[in-house]
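The structure's right below; bear with me while I get my questions together.
Note that the chains take the letters A, B, C, D, E and F in the order they are written out, and that residue 1 is the start of every chain.
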Amino acid sequence: MKFSIVIYAAPYSTESAATALRFAETLIQQGHVLYRLFFFGDGVHNASKLTVVAQDEINLQLQWSKLIEEHDIDSVICVSSALRRGVLDQTEAERHELGTASAYESSEVAGLGQLIDAALHSDRVVNFG
Amino acid sequence: MKFSIVIYAAPYSTESAATALRFAETLIQQGHVLYRLFFFGDGVHNASKLTVVAQDEINLQLQWSKLIEEHDIDSVICVSSALRRGVLDQTEAERHELGTASAYESSEVAGLGQLIDAALHSDRVVNFG
Amino acid sequence: MSCLHTINRSPDSKLLESCLKVINADDAILFIEDGVYHCFSLSNLPSIIETVKLYGLREDMLARATLSKTMDRVEVIDTARFVELSCEHDKVVSWF
Amino acid sequence: MSCLHTINRSPDSKLLESCLKVINADDAILFIEDGVYHCFSLSNLPSIIETVKLYGLREDMLARATLSKTMDRVEVIDTARFVELSCEHDKVVSWF
Amino acid sequence: MTENANTAKPIKSRITFISRSAPYGNNRANLCLDMALACAVFEQDVNYVFLDDGIYQLLKGQDGAAIQNKTLGNALETLALYGIENVYVDQQSLKARGIDAAELLPSMQLIENDAVSKLIENSDTVFNL
Amino acid sequence: MTENANTAKPIKSRITFISRSAPYGNNRANLCLDMALACAVFEQDVNYVFLDDGIYQLLKGQDGAAIQNKTLGNALETLALYGIENVYVDQQSLKARGIDAAELLPSMQLIENDAVSKLIENSDTVFNL
């Protein structure tokens, strides 16, 4: 089946992002297709590459990025959520003269149209917040 | 009176940071002393300088920074909260090879000792989360 | 040693119930943010003892259009008065 | 058209109550994260109609040490089964 | 876009939004509205349901400026402009909060719990926040 | 540090922490513990109270590894090591959740609501999350 996953919550502050990651990993293991990851609201913090996590703790942002790259997943950070939270790709960082990108390159900054497209092209949309 | 204010919530996602800012501005207007601002947990996002806010919306991070500089307020971002959320001063950014600082220079990255110190030296500690 | 309690979520949270369990008779409660929805609901207020003074933050009521629905028992204040109340009480305990 | 509902907060939230207001008889509920605290409390479960199947996520129960306190009516599952249930039902509605 | 790409797209999808949060205190009401408006732009079949604390979004006379916010009530009045006409209010939620239908923004259809169940049952995707 | 600096500091301050959140689902329990441990390092007079869902933090046999987390229950057992001996559990919160005192970590003092009121009344500062 084709799944899309929407993540509304920042890592660490709640468990939701961790649950979403386990769900995503598991559905891929089972041979399902992950059509799209969509990070929305505080969820965009999952794509931040500026984070420094203690060695004995899980680095959720890095794990997301690894999963996305390994399985070539289409991963979208909602642009309006991302800008006001300082999660920027190279293009946005340069446009606003804010130095280098703060988002992992494995995710793309785009609009809510990608969420609606995901709903149209997926058998299941599962929300984690 | 001497106040210290602790902020646990990110801007935009909840109203708490905005309420805290109004409270801080008001107490200063009344001639009270703001001994320390302490940004904890998701609250550290209030010190992010990478954010891009629409012109017709309030830029809370910028307003905090202006208030801090204008009144020379001692403002602390909790180091353990900040690192895992990618809110870094120049020192931390260089140490972890993560480009330039993502935190406003008006705030200092430091430990929880500064919160306890604030509790000891303030007449009132007011929490917003 | 009286205490100012702030409550910032709607009655669907259990914040007021928790606060009331441990409140003292000479304390006060200030409803802020989504907490102002407590101020016109009869469901919780009767269980607050009479001596506890109740306040609500005007700015949050204006935003939410709840000012006209607010009960007489709740004194409507602004942020300036919020700061004053913080001084008048020995401490502030925030429920969030 | 049956639906899998997930609930991720403790009974102190009103999530289960909201869900139950709009649930259909052939739907199922999966308790995840802090939602697993519903699984040993008698307070809410009786009002769930008999036909609604109840699940709880094992990983979250293990973390919280609630597995042994979980009622028989709740089937304990892992994330793999969570994915399967998402397929078996026509859609997933998340309450958070 | 080629005709093939067009025909490959699914026909209209039924998407239901359940908005359950009060305005201003957090950003969930805004996130829900943003999703629905994006959805309408893509000409999907949208239901919008106000449930629980979500009904507070509909009180007439809001003034977000009092807390330096945009007035959500005004934004909700644009739902119809975007072609979202199936806007419902859960009557039980109103009653539980002591709100009369006359206090609400116009053009709202009052429905009962079991009608909400039906909307969920007949939807392809449900966003619920 | 000069003697003057020492004497300028206030004597011990009484700080009460009220931990009201379940573990793992969000990070409030961790934030509260971190603050209290920092406080103990500074040799302050600390009370630690478990109220409402906070009592779930005390269930024996937790295993955070099941969700790639540190086990909070283990961390709480170190409270005494840090010199925090005034650790209280609200009995009414236990009862409301059907939890027996025997199911809890050792060294917890069961108290009633009015004892919590007294602790708050006699504290200089209260952190409540």
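General remarks:
FYI, contacts are C-beta pairs under 8 Å (C-beta built on N, C-alpha and C of every residue); 3 or more make two chains touch, one makes a residue touch a chain.
Given the structure is predicted, the values throughout are model-derived calculations rather than measurements.
Fitting subunit A to subunit B on C-alpha positions gives a rotation angle of 180 degrees, to the nearest 5.
Ranked by separation of Cα centres from subunit C, the top chain is A. Across the two candidate interfaces, A-F and B-C, the one carrying more C-beta contacts is B-C. Using the average of C-alpha coordinates as each chain's centre, B ends up farthest from subunit D. Averaged C-alpha coordinates put the centre of subunit D at 26 Å from the centre of subunit E. Note on chain placement: the centre of subunit E and the centre of subunit F lie 41 Å apart, centres being C-alpha means. Centre to centre, using the average C-alpha position, subunit B and subunit E are separated by 34 Å. Mean C-alpha position of subunit C lies 30 Å from that of subunit E.
For subunit E, residues touching at least two other chains, in rising order: 24-27, 52, 67, 69, 124-125, 128-129. Multi-chain contact residues of subunit A, defined as those touching 2 or more other chains: 8, 12-15, 19, 22, 41, 57, 125, 127, 129. Shown for subunit C are the residues that touch two or more other chains, namely 8, 12, 14, 33-34, 59-60, 91, 94, 96.
Within the complex formed with subunit B, the residues of subunit F that make contact are 9-10, 13, 15, 27-28, 31, 34-35, 38-39, 41-42, 44, 124-125, 127-129.
Per the touch definition, subunit A reaches subunit B in the complex via residues 10-13, 41-42, 45, 48-54, 57, 83-88, 92-93, 96, 98-100, 102. Taken together, the subunit F residues at the contact with subunit A in this complex read 24-27, 67-70.
Interface of subunit E with subunit C (complex): residues 22-26, 52-53, 56, 59-67, 69, 71, 73, 97-98. Against subunit F, in their complex, subunit A makes its touches with residues 12-15, 18-19, 22, 56-58.
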